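The structure is given below, and queries will be raised subsequently.
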Amino acid sequence: MATAAPHDPLLVLDRAEKSFGAVRALVDGSITLYPGEAHALLGENGAGKSTLVKILAGVHQPDAGSLVVGGAPVVFAGPSDARDAGVSIIYQEPTLFPDLTVAENIYMGRQPTVAGRRIDRRAMNAAAREVFARLGVVLDPSRPARGLSVADQQIVEIAKALSLNARVLVMDEPTAALTGVEVRRLFDVMETLRAEGAAVMFISHRLEEVYASCQRVTIMRDGRFVRTAPIDEVTVDEIIRSMVGRDLDALFPKTTTEPGQVVLDVDGMSEDGVFSDISFQVRRGEIVALAGLVGAGRSEVARAVFGIDPRTTGTVSVLGEVLPAHRPRAAMAAGIALVPEDRRQQGLVMDLPIDQNMALASLGRLATGGLLRRSAERKLAADWARRLQLKFGRLGNPASTLSGGNQQKVVLGKWLSRDPQLLIIDEPTRGIDVGTKAEVHRIIDSLVAAGMAVLMISSELPEVLGMADRVLVLHEGRITAELSRADADEDSIMRAASGLTSGATA
Amino acid sequence: ACGSSSDGGSASSGGSGDGTLQEGLNVYFIPKDTQNPYEVLADQGGQAALEELGGTVTISSGTEATAAAQIPSIQAAIQAQADAIVIAANDPQALCPTLQQADSAGIAIVAFDSDFSCDGFDHLFINQADTTTIGTAEVDLLVQNMGTDSGQIAILSAAASATNQNAWIDAMKTYIDEKYPNLELVDTVYGNDDPATSLTVLQGLLSAYPDLKGIISPTTVGISTAAQYLSNNPDVASRITLTGLGLPSQMREYVKSGVVKSFALWNPTDLGYLAGYAAANLASGTTNLDTGATFDAGRLGSYTVDAPAGDTGPSVVLGPPTTFDATNIDDFDF
Amino acid sequence: MTATLPRPTPAGSTRTPVGARLGGLLRARETGIALLIVVVFVAATVKNDAFASANSIQQLLLGASLIALLTVGQTMVIVTRNVDLSVGSVVGISAYVVGMTFRDHPGTPILLGFVVGIAVGAFFGAVNGAVVTLFRVPSLVVTLAGLYVIRGLDGLLVDGVIINPQSIPRGFQRIGFETVLGVPVLFLLVLVVVLVAAYAMRSFRSARDLYAIGSNPDAAELAGIPTQKRVFTAFLVSGSLAGLTGALFVALFAQVDVTAGRGYEFLVVAAVVVGGVAIFGGSGTVIGAALAAVLLNTIDQALVSSRISGFWTDAIAGALLLAAIAFDRSLSLRIARKLRTQEGAHRDV
Amino acid sequence: MSETAVHAETPRDSGPAPTYEGVDTARPPRWRLALRWETALVAILLLTLLIGSNGSARFFTGTTFFFAGLNIGEIAIMALPLLMIVLIGEIDLSVAAMLALSGAVMGVLWQSGTSFGVAVAAALVTGLVGGALNGYLIAYLGLPSIAVTIGSLTLFRGIAQIILPNPTTTPFPTEVATLGVLPIPGTQVPYSIAVFTVLAVATATFVHATPSGRSLYAIGLQPEAAEFAGIRVTRVRFELFVLSGLVCSLAGVLFALKNSSASYSAGFGLELTVVAVVLFGGVSIFGGRGTVAGVVLSLAIVAVLQQALTQQQVQAEVQNIVTGGLLLASVLVPNAAAAGRRVRTALRGRGRPAPPPPTPAPTP
C-alpha cells in the first residue's frame, strides 16, 4: 500500500466553486494532499482539473469553498502568495519567457544576487545546471528559451517548479510532451520529493503513468468531486467509468480496409538542416503513422507536405497531381487537411468564437456570390459540434473558453468539415482524455473505413501500434524504417527511432 | 455682437459708403496658428483697433501652422456672418476655395504677414514692408556689420514653402548680384521655425562652410536660435556675423552682449492695428481695393492702396522696418 | 515504457557555444550601430573635413543628447510591450514650466529647474502609467490621447508667450554649452543616465521583470511578478526622463515656445527601433537605442555638412532609416539561419 | 489506512451536470458586448449635435454639414484602409505623407503641361508604388509596420519636397477644381464624402460579409493559426498596404483639388489624426476587433465636433484636449467596469487577513 503516512494533510481544498460567467467550471472542487504522497487527479477534458489547479496556484480566486495549507486556512490573492505558501505549479500550457535565458526563466523574480542586490548570473547558471543534472537532462542555461522544443519547454517548467523546493508540487499534464525516458526521470524526481515529505499532485490522461507513479487518485466529473481512492484498489475500468460516467468501447477500434489508390505520394523531399530524402506513399483507407523521438522532424515533414514550411527538393503529389511547394491553399484544394500539433497557436484563433473557428478553413465554401452566409457557418459548426460531442457553453463564445480536449475537437471539426482526401494529423490526442481519445480514434477509423487516407504523427506508441496500418520511423530527419502493422512493435520502433536500426529498410 | 444688425452685402458694395465706419463690426483674425508669438502681438494690435471702433475681434486658428488647420476658422467666420477676415495664410493657394466662399458670403478679406494669391476675387494685403526693401535692408545690414562686402554668406530660413521668406530671399539674391558681386551666397537652409531643427541645420552649415562669414536669418526663431548658438560658442561668434529679422524682446541680450550688432523688424502690433483698420474700412465700405483709395488708420494716420505688382494684388505698406541695435533696443517691449 | 535511450539534445555538451554566441550577437547589434556611426562619420568627413573638427563633434554629441536621453525611458516602456507616444508633449510642457519658473521667480536655484522639470514629467508619466495599468488598456491609445491632451494644456499655458533667453539664468544655460575636456557637459549628463540605466537593466531583478513582462505578460503574472507596478514604474521613469529632457531643452536652447518637443515621439521611436529594441517587447538594450539616436543625428548633420540640398535631407533620412531597419533584419535572419544549419549539423554528429 | 479522509465514500452527486448544453446557435452575447462601443458612439454623436445647436443658431444648416464633410473627407477616405490594416494588427503611419506625395506628383505633372488625366493616373500609381514598398518591407521582410511607416513617412514627404520645393502655382482646370470644393449639385454633400460613402459601403461589405474580410480578423488575432487555415497572411498584409497607398493617393488627389494646389506639407501631422479616428471608432490596436460602423461614427463625431467647437469659438487647444479625451474614453469606458472591480477587489483584499506565513518546508 502507499507510503502515505497518516500525518496531517499538507493541503486541503474543500468544496471550491468557480464560475466564468455562465460557465460553471468547478462546482465542487475537493482534494486532500498528504505529505509523501503522489496523488493523481483524473477527469475528462473540461472536468475542471486545470481550474482546480489554478485555484491552488492563486491564479483564480474561488467563488466559494476553503483552502487549508499546512493546517492553516489561507486565501491566495495571487500566484506569489501560493508560491510563498510552498505550493509550486507546473501549468498545463508552458509559461516561458522566450526572450530570456533558460536560467533566468527558472529563477525569474528570485535570481541569486550578490552585494548591492545585483544579479549573479554565474551562480544562477550554475544552479540551473544543477537542477538539470537532477532531472538528468542537458540544457544550456544561458541560451534563450525561444526556439526550445515543446519537450524542452516542459523540462524548463519542471526545473522551475523543482528549484522552488516546494512542499506541494502540482503538475498539470507535465508528461504530454515528454519522451518515455524523460517521463521516467520525472517519476524518479517525484519519488525523491515524496521521500523528502512533499506532496505531489499529478494530472495526466495516460492511466499507465498514473499507475506507475501515484499512490492515490481523485476523480472528477463535470466540475465535481467524484471519489478518492488508493490506486491499487481501483481498476482501469472503474476509473474510466467514474470519469466518463459510462463504460467505454475499445480504445483503438480498428476496421480493416483494403488500401486503395495512392492519395499522397512524397518523393525525395528535402529541406536543409531539417529533413532529407523523405519518400513515402499514403493510400485510401490506410493510416500511416510517422513515429520518432521528439525533434526527429515529423512535424516539419507534415508541414512541408501541407505547404506551411518550404521544401527545397523533391515532389509531393496528391492523386497524381503535383503540388507546388509552400502553398497551403493548393494543398487544401487538392484535398489535404492538417491538424497541427500546437492547437493554441496553430490550430485555433483563440479569441474568435467557436463557430467561426470551425468554419475558418471552409469560408470559401460557405459563401454565395462572394458573401459569407452566417447561417451556413453556424449550421456547419452546430453539426460538427454534435458529431464530435463537443462540450461547450455557446458556439458564439471564444474558443479560449473551451478545455484543451474540446479545443482539439474544434480543430478536428474544422478540417473534417472540408471532407478531405488526406488527413494529416499531428498528435491527434495530445492532452485528450481517454473517453474523447476513444472517440477521436473511432472518428478517424470510420473516416478511413469510408476511404479517407490518414497520415498520423504520434508520440504515443500505443496509439501508433493500435491505429496504424504502416509505421514510418524518422530519425534525425531521415526515414530509418518502414514497418508493416504486423512487424511494428515497441522495440522495433524505438530501435529505428534512436537510429540503432539494422533490420528494416531506410 | 455677432454682426446680425447689419445684414449681408455690407462690404461688397464697395466705396459707396457715407464715410463713417460701422459700429459693432465682427472681424475674424486668423493667425498662422494660435501660438505664433509674433502674430499674437499682431492680433493684439487688431483688437486694439476694433476696440477703438466699437467692434469685436474673434481670434481663431489651429494649433498647427497648416492651411488645413485654418480652414475651419474661415468656415466659422462664414457661419457667424462675420464682417471681415484678417488672415496670415499658411499656404498661398490652399485656402483659396474656402476664402472664395467667404468672399461670396460678402465678407471683406485682408491678408497680413503672409499673403495668398487667388483667382476669382480680390483682397487687400497689408505688407509689413515691401519685399525689396526687406531684402536689400538685410543684405545692407549684414555687409555693414561684417565690415566687408566679400566672402561667403548663407541664409537660415523657416519652412522651405514659406512664401514671404522665399520672396525676401529672392530679393536678396537679386540685390547681391547687382550690388555686391563679391558676396557669395553659398546655401539656404531651412529650420522650419523649430529651435532644434534650426540648430541642426545651423551646425551642418557651419561645418559645411568653414569659411562662412555671415548668416542672414529672416525669421524670429532662426535668428534667436543662431544667436544663442553664437553666444555659447565665442570662437564661432568671432568669425560669423549674424543678422536678420527678430523680436527685440528675444534678441535684447544678444545685442547687448555684442553677439548680434543689429537686426530689423517692424512693429507687429502696428501691423495688426493697421490690418484691423483696413478690414473695418473695407467692411464699412469706406474704402475699396482701387489703386489710390485711402483710409484712415487711427493713430497710424492715413494709408493709400498701392497698385498690384507681380504676385501681389492691392496692398498697403506699413512702412520701412525698424533697425534695432544697442542704442535703441531698450525702447521696444515686443 | 521504453528502453533508456539518450535524448537527442540540441546542443550536446554542457558548455554549449549557442548561448554564448547569441549573447555575442546581441552585443554585435550595438557594435553594428557603432560601426555605422563611424562609417557615416568617415564618409561625411571625406566629403568635408570640417565634419571631423572638434567643434563639429561637440555639436554632434549635443544634437543627439536629448533624443538619446528620451530613448532610455522609451526603451524601458517598449521592453514591457508598451509604448509612450506622449514624450514629445511632455518634453514641451516641462520645458515651458521650467522656463516659466525661471522667468517668474528670478533667482530660482539652477538645481530647482531640474527638479521642476522632472516633477512635471513624472506627473504625466504617472498619469499615463496609472491609466494603462488600472484600466488595462493599450498604452498606444492612452499615450496618443496623452499627446493631444498635454499638447493642448501646453498651448493653454504658453498662450503665445515665448520664454526668452534673458529669463533663463546664465548658469543654467551653461549646462547647454560648457564642455569638460572638450566634451559637452550636457552630453556627459546624458551619458551617465544611459550608462546607469544600461547597468540597471542588466543587473537588477526588478529591471529583468520588465523584460519578462514584455516577453510573455501572462507568464509574468503567473511568475508572481507585480506586472502592473512594474509597468507603472516604466511609464513613471519615461515621464520623468522626458521632464528632465524638457529642463535640458531649456538649458540648450534658452528659449521655449509651444513647439518645444514637437514630433520627438517619432524620432525617439525610430531611434529605439533602429537600436534593436523589439517593438513588441521583451528584448533590446538602452545602449543600442541611445547609440541609434546618435546615429540618426549624425546622418542628419552629415547630410547638411555634405552640402546636400536641404530639400533632399528628409528623403535621404527616411530612406536610410528604412535601410537600417531592413539591414538589421536581414542580418539577424541570416544569423538565425546559420545557427539552424549549425544545429542541424550538430544533430547529425 | 485504506480509504481517504475527507471525501470518503459519498460522491456528492447533487443535481444534474451543468455544463453539457444543447447546441446553441443563438447570437452570442459577445456580439452585444462588441456593439456597446458603437452605441456609445451614437450617444456621443447626438450629444455633439446637441452642443452644436445650443451654441449657434446657424448650426443646423446644410452649410455646417457641408463644411464638416469637406474637412473630414480625405481623413475619412484614408481611415478605411487603415481600419483594415489595424484589424490585421499592423499600422500605417505614412498615410498623410502619401497624401502629400501623390498630390505633389499630380501638381508637378500638371504644372509641366501633362494632361490632367495623366497627372491623376501618375498620382495613383505613386500610391501603388509607395504602398508596395511598405507592403514589401512589412509583409515579405517581416519588419514591424510601426517602424517601417515612420521611415516611409519621412521618405514620402521628403520626395514630395524634392519634386515640389514650392507649392505649385498653376491652378487645376476649373471643371475639376470645383469638384474639390463644391457640393454635388442639389445637395450639401461634398464629392469627397460621396467617394467615401461608396468606399465605406464596399469596405463594410468586404470586412463584415466576405470570407476575406473574416480572415482579416483571424490574421489580427492569431496570424499563425490563420496561416494554418490556408489564409495567405503574407499576401493579405502586402495587399492591404498597397491598397492603403492607392486609397491615400486618391485622397491626395482630392485634397489637391480641394486646395486647388499641391504642397509637400499637405496634410502635415494628419497621420496621428487618422490613427486616432480609427481607434476612437473602437478598433483594437492589437488587431482582430473593430467595425466599419464604429469608424464611420467616429468620423462623424470628429467632423461635427470640430464645426461645433470652432463655431462656438472654443480655443484650438481645448479642441485638442477634447479630441484626446474622447480617444481616451474609447478605451476607458468599455474597461471602466472591470477597472472598478479590480480596484474594489484590491481594496477588499487589503481588508482581509493576509495569508499566514508559510510553515517551513519539509525539505532540507
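Think of it as A, B, C and D in the order they're written, each chain with its own count starting at 1.
Note that in this section a residue touches a chain if its C-beta (ideal position, glycine included) is under 8 Å from a C-beta of that chain, and two chains touch if they have at least 3 such contacts.
Which protein is which chain? UniProt says C = Autoinducer 2 import system permease protein LsrC; D = Autoinducer 2 import system permease protein LsrD.
Source: prediction; values computed, not measured.
Path length between chain A and chain B in the chain contact graph, taken as the least number of steps between touching chains: 2. Among the remaining chains, those touching chain C as well as chain D are A, B.
Looking at contacts between chains, the pair that accounts for the most C-beta pairs is A-D.
Mean C-alpha position of chain A lies 39 Å from that of chain D.
Touching two or more other chains at once are residues 151-152, 155, 311 of chain C. Contact of a single residue of chain A with at least two other chains is seen at no position. Chain D has residues 161, 165, 315-317, 320 in contact with two or more other chains.
Screening every pair of chains for touch gives A-C, A-D, B-C, B-D, C-D.
Remark: chain C residues 1-14, 16, 18-20, 22-23, 202-205, 208-209, 211-212, 214-216, 218-225, 278, 282-283, 340-341, 343-345, 347-348 touch chain A in the complex. Those residues of chain D lying in contact with chain C across their complex are 93, 137, 141-144, 146-148, 150-159, 161-162, 165, 272, 275-276, 279, 284-286, 315-321, 323-325, 327-328, 330-332, 335-336, 338-339, 342-343.
Across the interface of their complex, chain A is touched by residues 1-9, 11-13, 17-21, 23-31, 205, 209-211, 213-215, 217-218, 221-222, 224-232, 288, 349, 352-353, 355-356, 358-359, 361-364 of chain D. Note for the complex: chain B touches chain D at residues 33-34, 58, 60-64, 66-69, 71-73, 75-76, 78-81, 91-98, 100-101, 117, 119, 159-161, 166. Only residues 56, 58-59, 61, 63-64, 67, 71, 161, 165-169, 171, 177, 180-181, 258-261, 263-270, 306-307, 310-311, 313, 315-317, 320 of chain D touch chain B when the two sit together in their complex.
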